[in-house]
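Okay, so chain A shows up in both of these, paired with chain B first and chain C after.
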Partner chain A sequence: MTETIDIAGVEKRFGRTTALAGVTFGLRPGITGLLGPNGAGKTTLMRMLATVLAPDTGRVRILGLDPSVAAERLAIRRRLGYMPQEPGFHRNFTAFEFVDYVAILKEHVDRRARHAEARRVLELVALGDVSQRKVKALSSGMRRRLALAQALLGDPRVLVLDEPTAGLDPEQRLRFRELVSDLAHDRIVLLSTHQTEDVAALCRSVLVLNNGSTLFEGTPRELAELARGHVWLADDRAAGAHLSWRTGEGRHRHVGDAPAGADLASPTLEDGYLLLLGERPLKEAA
Partner chain B sequence: MSWHVDDALLERYAAGTLDDAWAFSLEAHLLACEECRARTVPRADLARVETVWADVQELVDAPRRTPVERALILLGVRDHMARLLAATPSLTPPWFAAVALCLAFAVVAAHGSDRGVAGFLAVAPLLPLAGVAAAYGPWLDPTYEIGLAAPMRTFSLLLLRSSAVLLTTTVLTGVAALALPNVDWRAAAWLTPALGLVLVSVALTTWISAEMAFGGVASCWIGGVIVAREAGDIYVAFDAPVQVAFATVAAVAAIVLTWRLHTFQTEREA
Partner chain C sequence: MTSVAVNSQQLAPTVWQLARVEGRRLLRHPVVLVAFVLCAVWMIALAKGLVGGDYFAVAGPGLLPVLAALVAANLAALRSRRSDTEELYESLPSPERTRTLAHLLSLGWLFGGSAVFVAAAFVGLGGLDGFVIDFKGTTAVPSVAELAQGPFAVATVAAVGIALARWIPFLPAAPVLAAGLVVFQMPATTWNLQNAWTWLLPLVNAAETPPGTSFPCDRPKEGVGWCGEAVFQTTAAGWHLAYLAGLGIAFGTVALLRHDRSPRTIALGATGLAVAAVAGVVQIP
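Entry: the complex of A and B
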């Protein structure tokens, strides 16, 4: 089975709103970060890759299989772990019962084997100690990890994780990075997030969406390099910058077209991302 | 600790042939004696220890079965199917209690006047309709989105839950109907409309949202009953021609549902 995801010319509309406007990209094993502002089409794309949503037009191949064909869609789902942006829970279930329930939906029929698998994924996300606690009594961070645990059931070849680090505290985020980086060496992980530092820390490649179109596809380093020569520090706020903010040291960090002789700073992935989003409206207006 | 377990006893304990009284006594000693614990480890059959540990974990972790789940398993339903059914909002004791209360009111009202029986017949088909509406869908099933991406076929889950809801509601309504005054054919006149309304609603969900489908069909039913009442004879809504019409509608809806089965495999966006 081909260990790839290929998307070509995918479009999706909801009424008059275009969520995806001809998106094309390819994914290989490793972690790919999906960045974009709210409404960029990230969740639509994630749901499409999770086989929950069908495209209006375009070609989607997941592990070489076509999700529009029933038998192939089933084969994909058997190899897929999906963590939705807003996962729902039966709140009266315990953490263990919730994972056990999803395991049944994932065709884990044998009771003992299913329970062993539920224990395994709960241990993976460090929820083994609270597995008998009701979901409604878990913190939001724990619920996030619980949602991740169900996605890991059955050791899937493809993981589609929609904002998995939202609501996690710094320690939990580090644990998440540790876990996902361990998992990703031989499987495809697509990670949608607003946290550029997660992408910088984890991802082999990055995709930036805006208004349903692909703005950038490349490595995190390449995204950061887009901003080289466009990030500078100054004592005062410069009027011409796309974005600027006062740093903890009291100087102003600017992203945009640097003036001659500016004190250029080394760009980060976030700078590249901000520059990419910031330039687009200016170009459209020109 | 002034004494230690002798080798023969340890061998028998490790082999699992020691009787319970001796084993409990020895375990109490092992908890306190590091030296004897160390002597036990090499004698232990690791495979057997792992099996015992797995049994202990299973006992601790195994989800508690709800009353509904226990009842289903007693009826021969497999463990995983029972769990899927027990998570259905309209297969829980509070739901059954609400249905029973509705039926009790309808039966009491029926004893008040002849029109009361008509009230029972008007309400009865709405109960399975509400039960099926609550059985599956994005509005009441919190794991709907996760379930869509899971290999278990969405329609299989809907069918499983709807069948269970229809069965339980039919039994409850059937029992209530026996308490109606002057029981005759009319006590069962709600069955065909109920089946027709449920199948039409589910078929409509392949085009429109579940809220619109179930809400719209329920409204049409209530509207139809009111029209019949205003026309002078509410029982017209349950006469033989209407029964045949509902049976036909149910059959057509079932065919449409079969034709539209594929739409259950991804989100219906309407």
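Entry: the complex of A and C
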């Protein structure tokens, strides 16, 4: 089975709104970060890759399989772990019961093996100690980890994670990075997030969507390099800067044209992303 | 992307595992537990003569688990919608049809639980009053067909709850239907006992009442009492079971038709409906 995801010319409209307008990209094993502002089409794309939404036009191949063909869609679903942006939970289930329930729906029919698998994934996300606690009694961070746990059931070849680190505290985020980076060496992980530092820390490649179109596809380093020569440190706010904010050290960090007396700074992935989404066209920024 | 070609080898064990989980949850559902407790209290109070023995008082306790089953099964079938897990479940290999089928099969657990309850009531009430069925002290032992009416009614009405969840997926629908059942069941069993259409309700009893009263056997006053024929209609009760089973299959199929309109499913529904129609007419004594 081909360990790739290929998307070509995918379009999706909801009424008059175009959610995706001819998106094309390819994914290989490793973590790919999906960045974009709200309404960029990230969640639509994630839902498409999770086989819950079909494109209007275009070609989608997941592990070489066509999700528009029922039998192939089923084969994809058997190799897929999906964490929705707003995962719902059965609040009166315990954490273990919820994961066990999803495991049954993932066709883990041997009860003993299924229970062992449920315990394994709960341990992976550090919820082993609270596995008998009802979902309604878990904190929001714990619930996100529970959502991640169910996605990991059955060691899926493809992981589609929609904002998995939202609501996690710094320690939990680091644990998440550790876990996902361990998992990703031999499988495809698509990680949609607003946290550029997660992308910088984890991802082999990055995709930026805006208004339903692919704005950037490359490595995190290449995204950061877009801002090289456009990031400055100065003592005062510059009127001409695309973005400017006062840092903890008291100096102003500018993204855009150089203000008077400014020092050139090393760009981060966030700088590249901000510049990419700014008013300047990509070629001008580059 | 809702319909999926399902590997039938995988479907059956998945459905059974899910049915097992759902069945146990259904039996532990607070609404069901409270209904069984209230039903037991009501029956004991009746047997000890602590409450009046009019017909609704006699038939009423059985109605509680039936209504609870309707509401609990409906809530269970609506769970993924109530909990916003639909999107996640759509990404999983098991389609919604699997869950609907599992919810229907989980009614077996409810049926079994109700049967155990009825058996316990049979033994317990027999011990309390020796199955006295009227104020004259007449005793009679109910037949298996009559005793089975409770579990059959519970499972059938729960199947209605599941069908309701699949076609009218709104939380108030089941409680409204439950209230409707009470509204129809109460006057039917209290004031119109001899009306033929009362046999179309889930719970019936063939005992006769004096004209103009709801008491199967009026309490004697100043030495004057009246008792109807305190008889059990075993044959009619048997047909009523067939009627309930037919209805249960028909409503179960209605739930499945939401996802599966194969000729086999339609044939099953038609068979259930035919059984319910025939038994529904034949049962009337």
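By our rule, the second predicted complex is superposed on the first by the 274 of 286 C-alpha atoms of A that agree within 3 Å, B and C clash if a C-alpha of one lies under 4 Å from a C-alpha of the other, contacts with A are read in each partner's own complex, and residues count from 1 in each chain.
Quick note on the criterion: a contact is a pair of C-beta atoms (placed from the backbone, for glycine too) under 8 Å apart; a residue touches a chain by one contact, two chains touch by 3 or more.
Quick caveat: nothing in here was measured; it's all calculated off a predicted structure.
Overlay on chain A: chain B and chain C clash in the combined arrangement. By the touch criterion stated above, A:94 is placed in contact with chain B alone, chain C being left untouched. In the superposition on chain A, contact of A:272 is made with neither chain B nor chain C. Once chain A of one complex is fitted onto chain A of the other, the partner contacts of A:51 extend to both chain B and chain C. In the superposition on chain A, contact is made by A:132 with chain B only, not with chain C. In the superposition on chain A, no contact is made by A:33 with either chain B or chain C.
Contacts of A:71 after superposition on the shared chain: chain C is touched, whereas chain B is not. When the shared chain is aligned, chain B and chain C each come close enough to touch A:102. Touch criterion met: A:82 reaches chain B and chain C at once. For chain A, the partner that touches more of its residues is B, with chain B and chain C as the two candidates.
When the two structures are aligned on the shared chain, A:119 is found in touch with chain B, with no touch to chain C. Of 40-48, 130-138 or 184-192, the segment of chain C whose C-alpha atoms clash with chain B in the superposed model is 184-192. Residues 47, 50-54, 70, 73-74, 77-78, 80, 82, 84, 86-91, 97, 100-102, 104-107, 109, 111, 114, 150 of chain A lie in contact with chain B in one complex and with chain C in the other. Contact residues of chain C toward chain A in the complex are 1, 3-7, 10, 13-14, 17-18, 21, 79-80, 83-94, 98-99. Of all residues in chain B, only 54, 57-58, 60-64, 78-80, 83-84, 87, 141-152, 157, 262, 265-267, 269 touch chain A in the complex they form.
Considering their complex, residues 14, 47, 50-54, 70, 73-74, 77-78, 80, 82, 84, 86-91, 93-94, 96-97, 100-102, 104-109, 111-112, 114-116, 118-119, 131-132, 150, 160 of chain A touch chain B. Residues 47, 50-54, 67, 70-71, 73-74, 77-78, 80, 82, 84, 86-91, 97, 100-102, 104-107, 109, 111, 114, 150 of chain A are the ones that touch chain C when the two sit in their complex.
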